[in-house]
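This structure is in structure tokens; I'll ask about it shortly.
Letters A, B, C, D and E name the chains as they come in the text, with residue numbers starting at 1 for each one.
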């Protein structure tokens, strides 16, 4: 970027600054697009899960729905409720935005494609996402609405307590790869499924599970969407928000979804790793990365439209009584496992393949169950008419 | 402690089951009938395009009320049957045959068809669709099946006054009114004549005395 | 230390426009953080004065109003009122009409329970099962629309029978639907009713012991959820129910204590199966003949009063009618299940979470218009 | 047990002033004088043979002279002082049911409209709480001994008791105009 | 410069096309407030349900008036509720629209003669589209929404009114 600007005949200092701004703008644009497209994806997918179509009018298959929503929200009247803390109320959405936005810096999109390969990448990631909770808490407090306050409080309690198991769970991949750098973690995995962090040992599976559940909670997705539980707290911390500021909340929530998916991909699913012979092709690497991220995002959306919501005490119980001991178990178990199989790479590989096969068996069972369900749903009412069947 | 692991097992199992059901419905064709494109009043189109036994609107759908003034006798039974006063009928007496408009054409030829039933002509037959509750009591009450539910349901209006349907056209109303007045005049004249005759008779009787 | 620290309860206004209050019900709750200390329901936001209107409309003209008393199961409401008036008049109605009445009211019971279950699910944050149930309910709407031309407010059961005869093809379509629904409802149960999170949310919450249920006069599924085996269809049989074979499901503390939210919920799920059974039997036995007895245009029941109740999805709905021999009732009072179910909430909503209050409303299946009338 | 049996039991075991109302309608009832109500109700609930655990329904209505059914039967109904209101009163009904014996009974009573006060039965059935509040709200009957007697359906600042026969619909409430519109009036039958 | 100035003065090309875009966005993203009081509420649910699917038109349900653009008054409005309706409407951010769904919201409907029912919601808040029916079937509600979309598309936002 800087080289192009320098080529245009600018001074070096100006080029540096301009380049940084341009880069940030490009990332922001990407951020907005991802967040927007994901809202459309979620609405369409939830539609299909509920036997309906979802938004399909604006653009091809309703793809431009998110633009319509965005434009509408931007041009909507801007309200700050009476009695609200005006400064905090206005600031809160941007804290959320920054918390999510800054994580993009350390995400490796493929091997070698990264904005800043910090050597404390994962640590940076975990700490910067904590900004979100500040934003949520600010929004809840400043709205001068009791529902918002309750939502903010719930969010704070929830995110803080789920950060602990998530952090502990992430220790397992760090243990294996021996680095905090995102590129390093990605590089420590291969392109084959059994080279992925997820299948390396039973403890990595456990750690993946803890991390996944914890991220769901941190991203406020069902079954952990208590801060904005629609049927309880009306709309939680963003009850009083409208127009552009609500759009920012909206956007950061869905972008967060992408970030969670991307992090899962990088840490557990091999990231954009490619087989040795084509490892130089960064486009393919990017594609692989996006495909895997897409799958994880799909899984999250799928879970969101399947499960009911926890209650606040159950949520805490899950974190402190189930996930935390499991995280410790995973950490120590993995350490022990690595000690035992220190010199036995074949055993490690066999274990990985075994876990992968178990996963495949589960998948098979699942597909069988799905086909039974499809058959049930199609009984009589959805069956073709006799006249049609004959043709 | 047993409960602890049982909870974990049940949790996983229910998530597994739940996900399989939602995945199944994702793979089954949606049941949405795309309304403005699909004609929902016809069963056949829906069934053909959606390959299912989804039903469209039935023929006896209770939509907006419609009145066939040709068979209406202005008897007022529907007005009585309606519990909420959303039908109103004003009538004039009428001899049905000779109603003409300004140019001399017969406008109310419907009266000639059922002469025996017609003793009144309606000058106003309004239904307030903005108040109607689509219960069908007036339809059940109607002896000549003149008032019927139609299949119309899309009667959006920007103004509440537009939701009042007037079934008697303005010119017909005027003609009927005029004719009604004429008849009334005639009747009054007849009455007067009769009274006069009676009086004269009385007088005659008196004079006879 | 704690004595020195003075804390106030947080007073929160929930409703009348709140996604989980099923219409317009308002709760004024005093909470200690998330835990409810006191809950005062404020109802009447949908009080439409139906009882007063009854005093000015004709006997037949009131049937459409009963539709709106409980729109989720309008057929059952029609049935209660029509039977009360028929009892008052001593009117005999044709056998075929009785069968049709039972078929349509049981169909309506299914669709009402579908809404009840779905709404409870939605309150728990599971939106998909609710929409699946709406999808199935749409088929019932189709069937009922086929009979009478309306989707929700039917005005089908009238004094003296039913307004229209069954259309051709109704029996086949209904049987086809039942075959489908029996399978799919089980699938939806797997999706939500047996879901561990859902069970944990409902089990052991807001326990209503049988004695308390009787004290507060809970009715219908709410009463049966507390383990009292009482069903008006069995205890005070009316119409053709004595000839039919069906069970009365009661709560047994399926996943916790007897009389908790989950028991009430599961009783409804089980009642759907019983209703399917009843409809199958009725369709098999339905005789031919007239669908309506000869009733005058203007009826004047004799002087006297009656309190007649039938089993509707939300418990027994009682119609108290006081006639003075005129063309409209002198006094008509509707005692509904939601009303008593609501009156128990201040008692059982003490010391529960805000989220549990939502579960309680969902499990008691309170519908605002039936509550306020 | 049928109503006549219950009535005889009531007469036999207590000294409640009551009469048996047999009318041409389908439901017979027991008329209890209002000052003996609580005693009668307590007996009906606690007697082993009766055991009416459930108050199914509680209601009342405003009875004007022309709607009066069998007022001549009230041999010792309280006489109102004012002659002109002598036939206008509020009649109350209680419908009881027993889950033990599966029988039901209708209790009725009446109070003068000038002084609409009667004992509350909330101490016997908790479920009576809201039913009595509703009756109070819509008919203005004061229940003595009710823990929390306030309006339930109508707003607190509502005037009048809607279910009384002489009630006139308000044309405005809290600055919201509620007079019938032009269309409505044009649809009203003539002469109204 | 003069032409540009002109184009701002008299609904010129620039503003018209921007207006057109904004209106298109608005019309296709009418989020509705979950506000159902009575019978029509059930049909509102069914409209959001799988058969009719209101979301096809980009209308998502919102629990909060602040984020909603469209208020579907579904059901009877009593006098006790009327002031609440007003408050809810005031809480919505401009531009806001109201569809009066069903006879009760239109004019009080069958409860018009009652002592506690408001004679039409237009006594409290302005209404854009009146939809008859008791309750209207889901497709009728869709048609009302399309009608409203057409109305929104003709609005002048930047141009002079």
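As a convention for this text, a residue touches a chain if its C-beta (ideal position, glycine included) is under 8 Å from a C-beta of that chain, and two chains touch if they have at least 3 such contacts.
No experiment lies behind these values; they were computed from the predicted model shown.
**Student:** Can you list the groups of chains that still touch once chain A is no longer counted?
**Tutor:** one piece
**Student:** Which chains sit in contact with both members of the pair chain A and chain B?
**Tutor:** Both-contact set = C, E.
**Student:** Please report the smallest number of touch steps linking chain B to chain E.
**Tutor:** 1
**Student:** Have a look at C-E versus D-E and report the one with more C-beta pairs in contact.
**Tutor:** Of D-E and C-E, it is C-E that has more C-beta pairs in contact.
**Student:** Using C-alpha centroids, which chain lies at the maximum separation from chain B?
**Tutor:** Most distant chain from chain B: A.
**Student:** Farthest chain from chain E, going by mean C-alpha coordinates, please.
**Tutor:** It is D whose centre lies farthest from that of chain E.
**Student:** Which chain has the mean of its C-alpha atoms lying nearest to the mean of all protein C-alpha atoms shown?
**Tutor:** It is chain C that sits nearest the middle.
**Student:** Between chain A and chain C, what distance separates the C-alpha centroids? Give it in angstrom.
**Tutor:** 42
**Student:** So, what's the distance in Å between the C-alpha centres of chain E and chain A?
**Tutor:** A distance of 35 Å separates the two centres.
**Student:** Which whole number of Å gives the spacing of the CA centres of chain C and chain D?
**Tutor:** For chain C versus chain D, the centre distance works out to 26 Å.
**Student:** Centre to centre, by mean C-alpha position, how many angstrom separate chain B and chain D?
**Tutor:** Roughly 41 Å, centre to centre.
**Student:** Two or more other chains in contact with one residue: find those residues in chain A.
**Tutor:** 47, 49-53, 230-231, 234, 305-307, 373, 376-377, 380-381
**Student:** Hey, what residues on chain C touch two or more of the other chains?
**Tutor:** Answer for chain C, listing residues that touch two or more other chains: 18-19, 44, 47, 49, 52, 64-65, 67, 128, 131-132, 135, 138, 153, 176, 187, 191-192, 195, 197-198.
**Student:** Two or more other chains touching the same residue: where does that happen in chain D?
**Tutor:** Expected reply: 153-155, 162, 167, 183-184.
**Student:** Quick one: which chain pairs are touching?
**Tutor:** Those chain pairs which touch are A-B, A-C, A-E, B-C, B-D, B-E, C-D, C-E, D-E.
**Student:** So in the complex, the part of chain B that touches chain C is made up of which residues?
**Tutor:** 7, 10-11, 13-15, 17-18, 21-22, 24-25, 31, 53-55, 57-58, 60-62, 77, 81-84, 133-137, 140-141, 149
**Student:** Applying the document's contact rule, which stretches of chain E touch chain B when the two form their complex?
**Tutor:** Result: residues 50-53, 56, 103, 106-110, 112-113, 120, 122, 127-134, 136-140, 142-144, 146-147, 151 of chain E touch chain B.
**Student:** Sort out for me which residues of chain A touch chain E in the complex.
**Tutor:** Residues 43, 47, 50-58, 62, 65, 67-72, 75-79, 230-231, 234-235, 238-243, 246 of chain A touch chain E in their complex.
**Student:** Touching residues of chain C toward chain E in the complex: what are they?
**Tutor:** Interface residues on the chain C side: 16-19, 23-24, 44-50, 52-53, 56, 64-65, 67-68, 71-72, 115, 131, 134-135, 137-138, 141, 151-153, 368-369.
**Student:** For a test of understanding, state which residues of chain C touch chain B in their complex under the given definition.
**Tutor:** 57-58, 60-65, 67, 128, 132, 135, 138, 142, 145-146, 148-150, 153, 155, 163-164, 167, 173, 176, 187-188, 190-192, 194-198, 297
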